[in-house]
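In this document, chain identifiers A, B, C, D and E correspond to the written order of the chains, with residue numbering beginning at 1 in each.
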């Protein structure tokens, strides 16, 4: 099985080359943009594992980032920072395993809103824990420098992209796609549906756990309303849709497009940039209904036939 | 605790429940029928709020009239969006496959535009006004006129719409359209008309509810999101496209919000609401009232 | 090979299957007929693990299938097609088959070493390899169902009305193909069909269901002569 | 020399999102300041020259993470000369490490928490006196003065409310004031009937609603509906904002709230600010946010007049000098305002007066008249 | 992809016209085009002298053209009775709903038995009956039947074909596509054989059935 350029190599290259080039621009601003960009790439790739491949659209993916961030905060001072971040990732993964069993039985739009509710539920549980602990917001002084955070986040983006490339090539990936297309048929063909869904859900929680920890380190501040902000979930989904394909390419293209676009807009049109952004989003759907990847494919117009999903 | 038995608490539960029910009803018409993820829905509520505010502040027009104006305005907006954007999206074979995803983007855009244009026009400063604020005394219960109006209008209107759609061919057409577009066309449903109806009614209900809500809460350009969320939670809880289920779910949330809080602690409000929501879905993966298929 | 013991299945008040027992020997072609709503598809669903029976058991060789999840039944070597087709619409024909290949029973017998392309040509579907399954006609989708089931390398194949919608000539081709499947791949077949001629020529043994009850079982000729079957099914008074 | 380039002063603020409703009070103050300074010929830079101010403003969408990026951009990309602060405690905390890393001094404004004392001093300072531990002590003083023996406490779950409660509880206990109802509630609460019915049944002398603007409206409506009669009713955040008082008019009479500024005192600067704000925006300034923001500009202006734009000099001047502001003299001890006493305001006949501490009071505290 | 190439066919009133052909020949595509679900790339559809090429499906149903689609397409989460009621949803048919419902129930007693069952849980054949019943509910002038006997037991098939003949004698016009080609040709006054999207043969039904090439290709003789 060879590497498909546009599907696998392109996104990996984009992330790797981007990660190496951004620091050359030489100031904190670009590192900051890069940090954000790679954070979104990692989040969107993780989301793709369960929502893109298996078709279980999660609108509550922020919950894993929130949990990761919170565990980092709880272990702050008790264990080394990076270990705390790993604890965050593992915690997020375990949480996914724990709730996955009941939650992954719910389908379609019900699942979408259920995941949203789950994230809100977790948010308010954390708020109440914090309030019982007598901590209302946490200030974490003395975290790592931006440079370090940048490299870690770039690595996470690369790992996320790589994981989508790899999973798609595994039996796991084929099984997840089958589940997305028709879960009953998939089961009957021998796909262990529940197990695969759980694995995908747990896998898709790990990286966000780390990303959430990085977000906390970046601001040095933790507050549940911010850490579990549902806008983060919405943005992940938006990026994936804009990217437009459920392989590793979609999230990368979507994240680049949205991050660059809003970066350009807010710095050039600070007063009205949100309105412009709104107009562009609508225009985007009208003129590129299949996302950035669809647009690229059309430009390259490699095949006249509609391509399948490409399980190579 | 005698608080639990007080009429005051009951009426509070009914008011919240009926507002949730009405707001969700409108969204149900749009998401349920066409699978359009209208996350700008709460922003229509906000528009209704501003209409009420300005009509009262500038012309001393009562919220009862303003609510009709707001409904008409947002209804027209719905018609404009339908003809301008969605009719085409809903009729192409390719675009219908991605309709859920793409409608999310479109409405995300619309939401951003509505919020920010409002903020540019009226500033983000919150607004409030006092209309219909004299107290009505019913036995030991006292309640402001505005909340009384909200209760009567929301409950009355929701029940009316639910029954109307249950009994009329239009309602059956909507339910058919929810399940299968092609089959709906085959039996001769004028898909375009049904969709337009759903758009206009759904949007109008949001605006109308907004004018009522605006009397009791502060209005700001960014107040809409929580309403969007509540509406989605309610329609899923009640079963997608199931209008009566949505009304019931709205009431259920109203009751949890008041009685749940009275029994435990206000801190637990959201935990209770989302907890019940999650529990219901885990036990009944297709919502409270959905008949379950066994295959 | 397959042993079904006193299976019953009710949906609310409807008894779709009552006390059905039968055995299917290895390498048999076992036909099932019965009026609409007699419970045939439900029987398949119970065997394949898509539905739990209200009571009764299903055994494959020495293995109890009842209560197993569908994917376990699949890996035990039982594959089914769906009467109301469920192809992976967004994937190409080839991808549909590839998925079945990578899951399925896992233990491919010597005889059942068909490659993906072999399988496509065996089923006469090479031409459609790169079509999206959703773009196929209904009868092509039925054939895809079959190809996909076959790709799981089953010991036992449950075919639910795969001949519906075919012309007489196409039916004859398909009969040949099913015979070949048994001969070359050693597969045991259970087949539901309303196309009587096909069922009669194909089956070694036929079971007849009526309102969830088994009313007859025997060779095609004995079934054809059975008066109960004639009145319940063929409408011959 | 005239014709010198503008002084670029940058800041980020929540123009959209959760905190957007709070931002205009602060933005107005900044704009008014820039306008006034430019009308005076520009910002006095170290006594050597005057340069016009050009404000560079970005929207952080209410996200502290965005604020961090914006301040990095302002410093490293836009190369602004000076910084103003964003809105809100989380944003101040989030950008503290940025100004620290770039050694770029900034006067904070709308942030309050005991945790701000743990910030490294040197590049960030906070003007507010309304820090929860100080507030608790002052509140107990006011309550005793008002003859309160029992209180009901209702607390919003947001950090500021919680922190205030944390310090209030022991202080009340020490002062022998009994807490008869203690109820927390979440920021997105939609109905307070259950809580307030409990309060009504307990008949406390005082109700302390540690509320934010949104839920304070719920409180007011419901309290009125239920006819709560406590003589002392405190609504923490909200009443200092113009629209809030406009909404409740007479019903708001007697409500006590957080704040240590009033235009009614002797301070000439305060009166001038009040008049200019009212004139320009046709509404009263927010007694908290507009005021804190304005104070930060006053300090910045005076510091620049002494030190010029050199960061090291500026840092030194800010940490050591005395500033003359609309809340009186301000001097910093570490990161915090060491001078201004914590206070409370009360709405009386449509005006807001400082009623505590006595030393700065512009009117005496009065029992809340009934709900109109 | 182009599926049909210059298909010309005429359906005479009050008669049965058969459209036969192999797997993938283009029958369903033709039917869907006539029902208004697909737009032709070129060419026109005339009905009673009017050009209805651009009419949408609803309008066609309202003027009396109804389709019983291949693959049933019932409304899976609605009850049997609601499905049937929807068959008469178009304004012209609505007033007669109760009447027609009774007729359909007497034709398909199984549907009456299961009137409250959710359509998605019906057996394959029961769903096919439901689709037929739904098509009859609007009492169309032209009924487009795409493989109406699909999945039905022989007894039921006989009954269906009887019904179809009965309908024409009451003045209904029928276009029938059927895998049971021998039977379809026997019933049809006019028949078209479609192959790879082109009409290859046409003529009276019984005459076509007698042609050797038809017998070889489709009747398995």
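One rule holds in what follows: a contact is a pair of C-beta atoms (placed from the backbone, for glycine too) under 8 Å apart; a residue touches a chain by one contact, two chains touch by 3 or more.
The shown structure was predicted, so the numbers you read here are calculated from the model rather than taken from an experiment.
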Query raised in the report: Greatest Cα-centroid separation from chain C: which chain?
Result: D
Requested in this report: Could you tell me which chain lies farthest from chain E when each chain's centre is the average position of its Cα atoms?
Outcome: D
Report summary line: For the pair chain A and chain B, the C-alpha centroid-to-centroid distance in angstrom is 30
Query raised in the report: Could you state the distance in Å from the CA-based centre of chain B to that of chain D?
Result: 36
Report task. Indicate the whole-number Å distance between the mean C-alpha point of chain A and the mean C-alpha point of chain C. Result -> 42
Query raised in the report: If you average the CA atoms of chain D and of chain E, how far apart do the two points sit, in angstrom?
Result: 75
Query raised in the report: Which parts of chain C, given as residue numbers and ranges, touch two or more other chains?
Result: 11, 50
Report task. Name the residues of chain A that each touch 2 or more other chains. Result -> 124, 128, 131, 274
Query - chain B, residues touching no fewer than two other chains - result: 115-116, 267, 270, 294-295
Query raised in the report: Within the complex, which stretch of chain C touches chain A?
Result: 48-50, 69-71, 73-75, 79-80, 82, 86-92, 94-95, 98-100, 102-106, 130, 132, 148-149, 152
Report task. Flag every residue of chain A that touches chain C in the complex, lowest number first. Result -> 171, 174-175, 177-178, 180-182, 184-194, 305-306, 308-311
Report summary line: Listed in rising order, the residues of chain A that touch chain D in the complex are 27-29, 32-33, 36, 124, 127-128, 131, 134, 136-137, 139, 141, 143, 145-146, 215, 218-221, 223, 225-226, 229, 231, 266-267, 270, 273-274
Requested in this report: Over in the complex, which chain C residues touch chain E? Could you list them?
Outcome: 11, 14, 33-38, 40-42, 83-85, 136-140, 160-161, 164-172, 194, 196, 233-235
Query - chain A contact footprint on chain B (complex, rising order) - result: 31, 35, 39, 85, 89, 94-95, 98, 101-102, 104-106, 108-113, 115-117, 120, 229, 232-233, 236, 240, 267-268, 270-271, 274-275, 277-278, 281-282, 285-287
